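Chains: A, B, C and D, in written order; residue numbering restarts at 1 for each.
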Amino acid sequence: MGRIGDKFEALCGSKEKALIVYLTAGDPSLSVTKKLILGLEKAGVDILEIGVPFSDPTADGPLIQMASQRALKSGTTLEGVLDLVTEVRKVSEIPIVLFGYFNPIFAYGVKKFAHIARKAGVDGVLVVDLPYEEAKELRIYTDAVGIDFISLIAPTTGSERLTKIAADATGFLYYISITGITGTAAPKIDNIKTKVNKIRKITKLPVAVGFGISKPQQAREIARFADGVVIGSAVVRLIDENKNNRDLVKIISGYVSGIKKVLR
Amino acid sequence: MKTQPDQYGHFGIFGGRYAAETLMPALIELEKAYRACQKDKTFQKEFEWYQREYSGRPTPLYYASRMSESLRGAKIYLKREDLNHTGSHKINNTLGQALLARRMGKKKFIAETGAGQHGVATATVAALFGMECKIFMGEEDIRRQAPNVFRMKILGAEVVLVKSGTATLKDAMNEAMRYWVSSVRDTFYIIGTTAGPHPYPQMVRNFQSVIGRETKKQIMKLEGRNPDVLIACVGGGSNAMGTFYTFRDEKNVAMYGVEAAGHGLHTPEHSASINGGKVGVLHGNKTYLLQDEHGQVRDAYSIAAGLDYPGVGPEHAYFHETKRVKYVTITDKEAVAAFSFLSLKEGIIPALESAHAIAYAMKMAPKMARNKIIVICLSGRGDKDAQTIIETNAL
Amino acid sequence: MKTQPDQYGHFGIFGGRYAAETLMPALIELEKAYRACQKDKTFQKEFEWYQREYSGRPTPLYYASRMSESLRGAKIYLKREDLNHTGSHKINNTLGQALLARRMGKKKFIAETGAGQHGVATATVAALFGMECKIFMGEEDIRRQAPNVFRMKILGAEVVLVKSGTATLKDAMNEAMRYWVSSVRDTFYIIGTTAGPHPYPQMVRNFQSVIGRETKKQIMKLEGRNPDVLIACVGGGSNAMGTFYTFRDEKNVAMYGVEAAGHGLHTPEHSASINGGKVGVLHGNKTYLLQDEHGQVRDAYSIAAGLDYPGVGPEHAYFHETKRVKYVTITDKEAVAAFSFLSLKEGIIPALESAHAIAYAMKMAPKMARNKIIVICLSGRGDKDAQTIIETNAL
Amino acid sequence: MGRIGDKFEALCGSKEKALIVYLTAGDPSLSVTKKLILGLEKAGVDILEIGVPFSDPTADGPLIQMASQRALKSGTTLEGVLDLVTEVRKVSEIPIVLFGYFNPIFAYGVKKFAHIARKAGVDGVLVVDLPYEEAKELRIYTDAVGIDFISLIAPTTGSERLTKIAADATGFLYYISITGITGTAAPKIDNIKTKVNKIRKITKLPVAVGFGISKPQQAREIARFADGVVIGSAVVRLIDENKNNRDLVKIISGYVSGIKKVLR
C-alpha cells in the first residue's frame, strides 16, 4: 500500500475524515505552490491534489480555468510539476495526487511519465478525461509502478458502470457531488449521501466527495458519510485573491485548518 | 478495409471516448439510441424526408465547364452542398442529430460554432422541431461573423458569448462541453463535425455520407464510372468524410483532404492539424492536434473561420495513417484566389472553407488528362464571407 | 381565358411597348429571338439543364406542419424558391434571359436592382456565361443592401451608382434604360420582373412559370388535387406570376397577390400599386402606378426592398381587372411578424418580400377548414434582411 | 396646314433652315419660361419645343433630368404648361411643340388634353415613349383637332419601320442624331447625313435633327442636308447657369441667335 492507502487507514484509526485540497501548480508560480503545499500540510491537509494546468480544461469552472491559464502563462509544464513533487518529497511525506487532463501526459509520454512520477514521489493520478474505457493506455504503466489511479464517479454513473469502475479502482474513489463542472453549484447533501452509500456497498475503497464544496458546514455534513472531502475552487480563489499578500500561506492555512477542524 | 470504428469508437489508434465521467453515461445512452435509429426504417425514412423536402436534397453534381476549360485539364464536377437549406452541408448532420434527439425525448439543444454555419444549422433544426437552443460562440467569432449571429437569434436561439481561452471555436466547444456536463440529463449536444467523443465522429460521418452516396449515383449516371479524384476541405472533417466515405474501398478513387495553411505551415498561423500537428487528445478523442511540446493546444488560424480548429476528426487521422487519403494544404492567399476564380468563372461564390478545395483542384486539374474526373465538395456558399473578402481587400 | 398578351404585348388595356424609338428595333429583335427560342427544343433543354444542374431545381414543395398546426386551419405548403442558387426565384429568369442573350450574340448584360437579389442573379449568370455586366443600383439601396453589393462585385459585375431622382429602384431602372438607349446594339438588358416593354412581361412570366408547373406536379403527387389557395408577394410581380400562371384557368384555385402596405395604405409610405395606385405608363408598359394627380410617379416604400417599386407587371393589372387574382396588402409590421413567425416555427428565414405572403396566409389559414390547402411562394431567403430586422429592433 | 407646316414652307422659300429650341417648362419657373419663349422668338428661333416635366425622363441625359426635377419642384404641371401656351399665344404665333412623356398626358386625360391643347394654341406633340405601335390612343384625339404628331426616327430604326413611321407622320420628322439620351454624345455628321438622305427618299415631310447638338459648327454642317436643327441640353444648361442673372433672356437669346445665324 502507498501513502494514500496508509493515510486513509491512519485517519480511520483516529476516526477522522480526510481533507483533500486541490491547487493548480504554478499559480501564481511553482515556488509559491511549493510554499503553499508545505503550509497546507502543516495546516492539517491529508492529501494534496496538484493540478497540472491544461489549455482546455473542459471539466473545470471559471476559477480553475483561470488558474490554469495563469499557471501556463507563468511557464508551468508537466515536467516542472514533477520537479516540484521531487522538491516537496525532500521534506514531506504528504500523499500527492496529480490532477489534470490526458494530453499533457500523452505528450510527455505515458511510459516516461509513470517512471518519472514514481521517482518524484507521486502517489496517484486523476485524469479527468480518461474514463474507465480509455484508462488502460495510462494504467498499464502507472499500475505497474504502484501509482494509484483515482477514478471518478458522477451522479449520472449507473450501477452497472459503477461496479465496473469500482472493481478496477485504486487509492480512493472520487465522487463528483454535482452534475456540473468544478466550483459552480452547491451540492445537495441528501443526494450525495444516497449515492455514496450505494458506492460503499460495492467497494471497500475510501470514498471522497468533491466539486463545489467550500464551507465547513458542507464539509461537516458530507464527512458524516464519506471518507474525505475535496476542497478545490475555494482554495484556488483564495490564492488568487491573496497572491500579492505576504501572508498568503497563512491565509490559506487558516482557511484550510478551519475545514479540517470539522472533520476531526 | 476493416470496419471502423471499434465498439469503443477507435479508428486504429485514434478516436475513442476521452470524456469526463459525468458525460460517459450520456454518451453510452446516445450510442444506444443511435444504433436503434440506424436499424429503424421509420427513422431513416423520416431523415430522408427532411433531407429531401426541407433541405432540398439531392444537391446537384454540377459540371463546371468554364472552370474545367480554363484549367485545361481534368473535368471538374462540383457537389453543390452550398444549395442546401442554410447554405452548407452542416444541415445534413443537424437534421440527423435533431431527429435522434427528438426520439430520445430531449427538449434542449446546445452546439458550438465558429463561423456560425453549424450554429445556424442547429438553430434551424431547433426551430423546426420546437426545441430550446443555446449556441456557444467565441467573442472574437461573434464579432467576425455578425450576420450568422443575427440569423441564429432570428431563429430563436440564444447565442452564448464565450470569453474564456482565446474566445474562438475551440473555446466555444470547451464551453459547450462544460455546459453539457451541467445539463446532460435533458440536453442534447449537437456536435458540428466528425469530432468529439464516440459515437459522434461515426454518427456525424454517417449523417454526412449522403454527400458521397449521391455523388456516386450521380457520377455513375453522368459518366458511367467513378471519379478519379475527390477533393474536400477539412476543418473538423465532416464534409470531407461525408464525401469520401462511400468511396473508401474503391481503390481507383484518389482522395485529397485539404487543410488550411493560413499564412503558411512555416508560421504558427495555420489550421493544418495533420500536416502541422501531432497526435494528442482533445474534446473527447485522440487525433492530430496543433499543440506545443508540452501538450498544450495551440490556436488555429485560417481566413476561413470554419477551418479554424486545432483538431481533426479521428477517422481522418486514421485515413492519413493508413494512407487512404492524402492530406494537403492551401494557404489563405490561394484560397482567396480560388474564391474569386470560381465566382468569376461559374457565378458560384464558394464559402472560404470550400475555396480551399477549389484551390487544390486548380493545382491538380491542369496536370491531369482531359478525360480524368475530379469531384470537389463545394461544402457551402460564400455569402457569409463577402464582407471578409471585401474588407481584407483580398480581391 | 384568352391568350394574353396580344401581338403588341397588351394584356387587355395593360402592357404594350411604350419605349423610346431607339429601343423599339431592339425590342422587336428580342421578341423575334425569343419566339425562336420558345419553339427550339435545344434551347428549352439547355434552360432546363441549367435550372436543374446549376440552380438546383426542382425546389421542394414543403409541407409546413408546425406553421399549419399553430394556425389551426388550412394545410400550408411552401414552394421553396429560397433554395435556388443565389437565394431567390430571380435566377429562374436571369438564366432564361442570359441563354437568350447568348443566342443573340450579345456580350454585355445590364440590369437594374433594388434589394440586390436580381442584381446578384444577373451578375451570377454574367459570370456563368462570361459576359460583361453592369448593375444599376440607387445610392440609397447600395447603402442599405451592402452585402449584395459585395456579392455582385465578387462576381465581377460593375455596380453603377445611381444618384438621379430618389436614388432607389425606379431610378435605377430609369438609368438602366438610359444606358441601354446608348448601348442597345451590343447590350442585353436583363429586366428583373414581369415589367418593362413587351416582350419582357411575357418572357419573364414564362421563364418564371416553372414555379407553378412544379407546384402543380408536386401537389398532385402529394395531395392528388389542386391547392385551394395560392399566395405570393407582388413587387413587379414575377414570383407571383410564375406561381399563378399555370393555374390561371383552374377555376377552383383562388389566388392572392400580396402588395406591400408599408406604413399603411392611408399613408404615402407603401408600395401597393394596385390597391393604392392608378393606371398609368412607366418603364415601357401601361399598368397600375403610384402617382400623383398630375401623372408624376411617386416613391414607393416598403421595408422589403424588393417590393419597393411604384409599378406592377401589366398582367397583374389585367388579372386584377378581370378579378382572376385578388390583390391584398400587408404592412411592414405584419411582414416582420411573419418573418419572425416562420423563422421560429419552421427554421426557415424568409425574405422580407416573401414574408408578406406568409403574413397573408397567417390571416387566411385560421379561417379555413383543416382539409383545405394553401400554397405560398417562398420567393427568397431572408439572410439579406437579418441586418434590417436586427437594426430596426423589429423582433 | 398649321403653324409648323407654314413655318417650314416659309423657311424653304427663304432658303433657311429651321432652328428648333427645347426648353423645360417651369425651369426655373413658368413666368421665366414665358419670358424666355418670347425672347427666343425674337432671337430668331423658328419652332419651340416646350418640355413638360416628368418624374422619370428615361430618354433624357442629366441636364434635362435635372431641369425636369427643378420644374417639378417649382410646381409645374401639364395644366400649367397649357396655361403658359395660352398666355404666349396672346402675343406670339411661334409654332409650339409639347415635348414629353406619356404619363402626364394620360393622367390628364388624352381626350381632354387634345381639346385644351388645341384651344391653347399647341401645334404639335412629341411623346418620347409613345412609339408608332402605341401612338393611336393619343392620335385619335390629337389628329382629330389638327395637332401634329411629331415622330422620332432613331439611328437604330430600320428601313421597313422607317417607312411605316414616315407614312403616318405629320408636322416634321425628328431624327435622333445619336444612339443615346439627350445631350450626352457628339453626333457623327456623316452617319446622320446618310440616314437623313434615306429618310428624305421616302417622305416629303421636313426632317429635323436633334440630340447632342450644341455648337454653331455642328448646326451648320447638319443644316446642309437637314431641314432643321434642334438645340436642347445646351440651352437648358445655359438657363440653369444664368437663372439668377438679370440678363438671362439676353444671354440665351445671344447664344441662340448665334446658332440661327449659321442656318440662314
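Methods note: a residue touches a chain if its C-beta (ideal position, glycine included) is under 8 Å from a C-beta of that chain, and two chains touch if they have at least 3 such contacts.
Note that the structure is predicted; figures quoted are calculated from it, not measured.
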Mutual neighbours - chains that touch chain B and chain D alike: C
Centre-of-Cα separation between chain D and chain C, whole angstrom: 37
Centre-to-centre distance between chain D and chain A (centres being mean Cα positions), rounded to whole Å: 97
Separation of mean Cα positions, chain C and chain A [Å, integer]: 67
Overall pattern in which the protein chains touch one another (line/ring/star/complete/other): line
Pairs of chains found to touch, sorted by chain label: A-B, B-C, C-D
Of all residues in chain B, those that touch chain C in their complex: 52-54, 56, 59-63, 66, 80, 82-85, 87, 123-128, 130, 147, 150-151, 153-156, 339-340, 343-349, 382-383, 386-387, 389-390, 395
Complex contact set, residues of chain A against chain B: 54-62, 65, 69, 72, 77-79, 101-108, 128-134, 151-158, 161, 165, 176, 178-181, 184-185
Chain A-facing residues of chain B, complex: 8, 16-26, 28, 164-165, 170-171, 174, 177-178, 181-185, 278-284, 286, 289, 291, 293-297
